[in-house]
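Two complexes are shown next, each including chain A; its partner changes from chain B in the first to chain C in the second.
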Partner chain A sequence: MNSKNLHLNSRRFSGCTLTGALSVTTQVKDGITVIHGPEGCVHHNLSLFHALSVDNGSLEMPVLSCSGMDQERIIFGGEDALENSIRDAISSDSGLKSVFVLSTCVADTIGDDAGSVCSKDYDLPVTFIPTSGFLGGVFQNGFENALKNLALQCSENVSGKKMTVNIVGEKNLEFEVESNYSELNRILELLGLSVNIRHVRGCKTGDLYSVGDAALNILRDHSVLKVGEYLMERYGTGYVEGFPIGFSGTLEFIRKLGDMFAMDISGALGFEHDLQLKIIDEFDDICGSSVCFIYPEQLTIDDASVRSVIDELCGLFNLKIRKDGIPVPFPFPGPVGSTGTKRLLHRWRRVLNG
Partner chain B sequence: MDDHHYKYEGGRACMNPVWPCAMTGAVSCLSGFDDLGIVIHGSSGCFFYPATIISRPLSCTFLVEEEIIMGTEERLSETISEALEHFSKVAVVNTCVPSVIGEDLHSMNVPEGVFFVDSPGFLGNFENGHRIAIEALNPLVDNNRTGVNIEGVTQFDPFHKGNLMEAKRLLSLSGINTATVFSGGSVSDIEKCSDYTIGTNPDLRGAPGKFAGGLLGISEVRSTFKFLSEKLDDPDTDPLFRECDKAEEMIDKVCDKYLRKFNPPRVAVFGFSGYSCKVAEILRRSLDVDIAAIGQRNAGVCGDSSYNIRDACDIRSISGIIEESTPDLIIGSSYERALAPGLPFVGITPPLRGIISLHSCPLCGIEGELWLIESVLNACMANNPQ
Partner chain C sequence: MKQIALYGKGGIGKSTTSANLSAALTDKGLDILQIGCDPKRDSTRMLLNGRWIPTVLDTIRNRDISDIKAEEVVFRGYGNVRCVEAGGPEPGVGCAGRGIIATFQLLEKLGALHGDVIVYDVLGDVVCGGFAMPMRDGYAQEVYLVTSGEFMSLYAANNIAKAVARLSRRANNKCLLGGVICNSANINGEEELVREFAERINSHMICHIPREKIVHISEVNKKTVIEYAPESEQAAVYRVLADKIYGNQNLGTPSPLEMDELEELALKFA
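Here is the complex of A and B:
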């Protein structure tokens, strides 16, 4: 193997599986996550979640337990410590309903079998989510594995589909996660639909058992396509590939849901179209401006929805993309719904009028 | 020091550890040297945390699985070469997995100016990493070097810049030069340290030569500079002692005024062991406070056994201390603030999330004690308006 080929490997910079999985498991409010690894790894992640909570005006902290892998356990093995940590976690909180166990690169390197420790008898369900730090992939792999493993808790014998949808794979570390959900929920209400569960955000262990009950899964974006496929295979639930992005994307989303639920959407479509016209009218002062976009360094994908937002808004407001134009915020992640697009236009106008 | 003692309290597993690992301690220490390149030899997961808390460029090998199987040497060599384009000296800080697989980095054929710091996270806590980093720098005393070294400065500490400025100011006020800073300025100063050192944080020691004393609190400033005036040629400490007198008068005045109207608070202090004990001592002396508990993040350097000192390295132990000691003022980090949201709070311990702080505030020295007293009184009065 020529490792020189690996130097530009984007996986190098794509974060840790542990963080990806934690972004899911910490959303189960009556669950606890036990990490099999050194305290330093756990602290890195706790610090991140604490910072995000404070940024969002919350003082809530996730509960992360640690097997405390130190030099001695690295030499002699840490499986006993993991088992003790799981039992300690279960006995520490009578309101606890589930335990999620994640492994680190250190545990993987010394060959500890965290999966077998989790398969022992405990008083609560203990779900092992393979992560293995950077040896198990990147942030996205941890995120996907957690979404799939938490869906495993549901029985495959789904009683009957309801006229509800699941929201699957919300990016819990995303700053706009709640405003995106609010917008999506507004659109669903226009259609008379309601949310079954958010898989996985702000839920309880009991909620996870109903993931198969919804008639449709709405994926956050194409990065969780594999999770959508998995849920379709397991529960027969179809999916929409992503949240509505931009003005025309929102109308298209409404049409798609109308087709899937075989419902009359003319009222919802008319309402949304009127709303969009009002927004466009509100921003007519930016018409004809020269703009440019600075691509974020981390954007390694050729995201079609982002490009369509740029094309759409430049067309609507006759914006000219020029090298010497005024740099405006790049629409990534794409603005969700009509009100998300309105917030993007506010950010653009702030710069253009500045 | 028995690190194990800090991981388990009463045989229970660590819940939400709040203190960084040895790797972070080493990186934070080394980052103070402006002309030293730092390469973290590990994965992106290990890199992101120090990179977010330390405001200077850091390099990383960003290891992937294939390199753990095939060997990391080629990748490390390439990263070192890139770092050497910007720095004449480069420290390579090892992380857990490269350390566990046992690669012998020290036998690598590396260019001059590159040295290794073997402080993987599992070796212990932040202070261990700081100590290992200073040992790896191999500091030497130069008997011809005048002035006094300053130690205890690390980037992770929100007071590091203010402490350094205050320590330099106090030395300058006494006509004494600053020699080597651990860690700050040029890394080349490491080879020509003065024979005397003063400290801004008793938990972060390691400078060579003789320790003249610390700077936490005005009384410690007095004793340290009295010692220096006896050992060094012709320092003029009179201006410094006059400033100490004046500051103490100001503190006496405001504390007496406060106590005419309010009861002293019952305080729980959380943080570096040394900082916490000194803060407790200052507040007890100045304001007659009741020190309900001291929650220390690391092995204790506090010599006063009259305090209720507990280990506070994870959220469970911190919650227990707050619940049992029932303080009405919390001094600590934003973790403690999150656990006791209704109580008045003064932040001295990282992290201090949600608090905007742009200026360089000291915790040590004369200015540090003044800041502490004013912060405590303001926090208590804001919660007790009359």
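Here is the complex of A and C:
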């Protein structure tokens, strides 16, 4: 039997460095990403990103260009084609503020030095992000490299820290990315904090220059821990390792931020606790239900925060996990904040009372 | 149609041997096509009296392949030998191996791969799948290893034998080892060494080509030995080589040596 056909085959989850980096660079709204590779790589990613943005209610197309590696460029080298593509991209739109260059497996297999092409003189900043398709690793490597390289736009000499936070490593291809951000922002406002930049989502080139200004980085989750470490090393900015997950996770998150900013959080904590009690009250009709979880095992096996959400909600609503229980969606990724948990409970209720 | 490929270490004399082989074969009244599969593009130069012909890859660059005619890449040389040079990218950029594949695709499309004998003169070593192309997909059916008695030359020949052996495991393989050509570097015991090497890899030495001044003199006169000095003993050697290769039925799958076996063999004749 061919194991590649199995749903559990982990190779299905690895992805491509190019897509990982693109999920970051395409969020710089006055930038263009030039892919040094064949047109197929651009088409594939453009289709994927467009489909996902439509799914999230947006008709926005990612701004991509391509050096058009074909047989001739593979044989004779594609560095000239890349340089021409960068210059064409710069001259094509006067509103552009930056260019990001990503490489593909084909370009790196023949040894094209995209980094040195990017180091030439251009009218706009051109940032090379090592990707190299499969040669550079998997989706996560491309994602991390892009987050780190875009942070390099900011000078290391940060003048002073504001009472603000950066949101780092939002998963731009995630379904509830904006809802999660709104929830996080609501919690920050309870504490009197504001967002410096979202690194990197829906920002402009100029925003990237201020990534070092925030007093704290809030990482999307532990998968971007290396980026958090990198930013701490470069700018001396501490970090919180993940968004608040579940009810108790949200209260814990507030306490953590209170400690870090040495502020009185009693008001915020009280408000949030009351909100959670109201939500629990609102869903008392699901109490005592028998459930079983539908989940992709490989994705959740090590996610302790998600496990704790299950334990918490099963305890609060006296849910019984049984093989013959009503199938409900496994909370992955974990519900962000109290309102994220409320949305999850809505989904469960639809199934349980349906 | 007989399709043969000459492989060996860079600078060992593959192009000289190939050109003289093609010249000797055309003198027998055979229709010959020689294809240089090396970015150096000098395989057929002696057949063309020193002329540098446009390479296939230079020709297809910036051109629509469908517009290219066979006469733009195939040129007539000594005795009407049809000469082709694959060419390649500038040193240090691109992928020459892919260039060989593109060359073969174009020549096939142009219907240029015909004749009584096609001689493929291939870059020093099988550095990637592109340079193994002449051995694959039914192109060259016989590979000849050109080597001297120098250790690195034998090492390269042994590596090519490994490539032939690997390809022979494929179900549709048509390529076998035809033999080993000893192109002398004037080393003591060289002929015996190369003969034993050939036998140890389950093949045979098909010809010993002595190192003679006339080869160099012919080359500076931009001719093959067959053309410049047809009465010379060296020309006679190339004719023997041509006869042996044209009539060779002793083809087989090589069994390449391990490194320590190769070193032991070299030590024996040192």
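We adopt the following convention: the second predicted complex is superposed on the first by the 337 of 354 C-alpha atoms of A that agree within 3 Å, B and C clash if a C-alpha of one lies under 4 Å from a C-alpha of the other, contacts with A are read in each partner's own complex, and residues count from 1 in each chain.
The definition used in the following text is that a contact is a pair of C-beta atoms (placed from the backbone, for glycine too) under 8 Å apart; a residue touches a chain by one contact, two chains touch by 3 or more.
Worth saying up front: this structure is predicted, and the values here are computed from it rather than measured.
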For A:214, select first, second, both or neither according to whether it touches chain B, chain C, the two together, or no partner.
-> neither
Partner chain(s) touched by A:227 [first = chain B, second = chain C, both, neither] | neither
See if chain A has more residues touched by chain B or by chain C, and give me that chain.
-> B
Please indicate which partner A:74 is in contact with in the superposed arrangement: first for chain B, second for chain C, both, or neither.
-> both
In the superposed arrangement, which partner chain does A:99 touch: chain B (first), chain C (second), both, or neither?
-> neither
Once the structures are superposed on A, label A:44 by its partner contacts, choosing first (chain B), second (chain C), both or neither.
-> first
Which holds for A:64: it touches chain B only (first), chain C only (second), both, or neither?
-> first
Based on the superposed arrangement, let me know which partner A:110 touches: chain B (first), chain C (second), both, or neither?
-> both
Go through the superposed model and pick first if A:280 touches only chain B, second if only chain C, both, or neither.
-> neither
Chain A positions touched by chain B in one structure and by chain C in the second | 71-72, 74, 109-110
Contacting residues of chain A [partner chain B, same complex] = 1, 3-4, 6-7, 9, 11-16, 18-19, 34, 38-44, 46-48, 50-51, 53-55, 59-72, 74, 81, 84-85, 88-89, 92, 105-106, 109-110, 133-135, 138
Of all residues in chain A, which touch chain C in the complex?
-> 71-79, 109-112
What does chain C use to touch chain A in their complex?
-> 57, 60-62, 88-90, 93-96, 98-99, 102
Hey, which residues of chain B end up touching chain A in the complex?
-> 3-4, 7-8, 12-24, 43-46, 48-49, 52-53, 62-68, 70, 74-75, 78, 96-97, 100-101, 121-124, 313, 315-316, 334-335, 337-338, 341, 351, 353-354
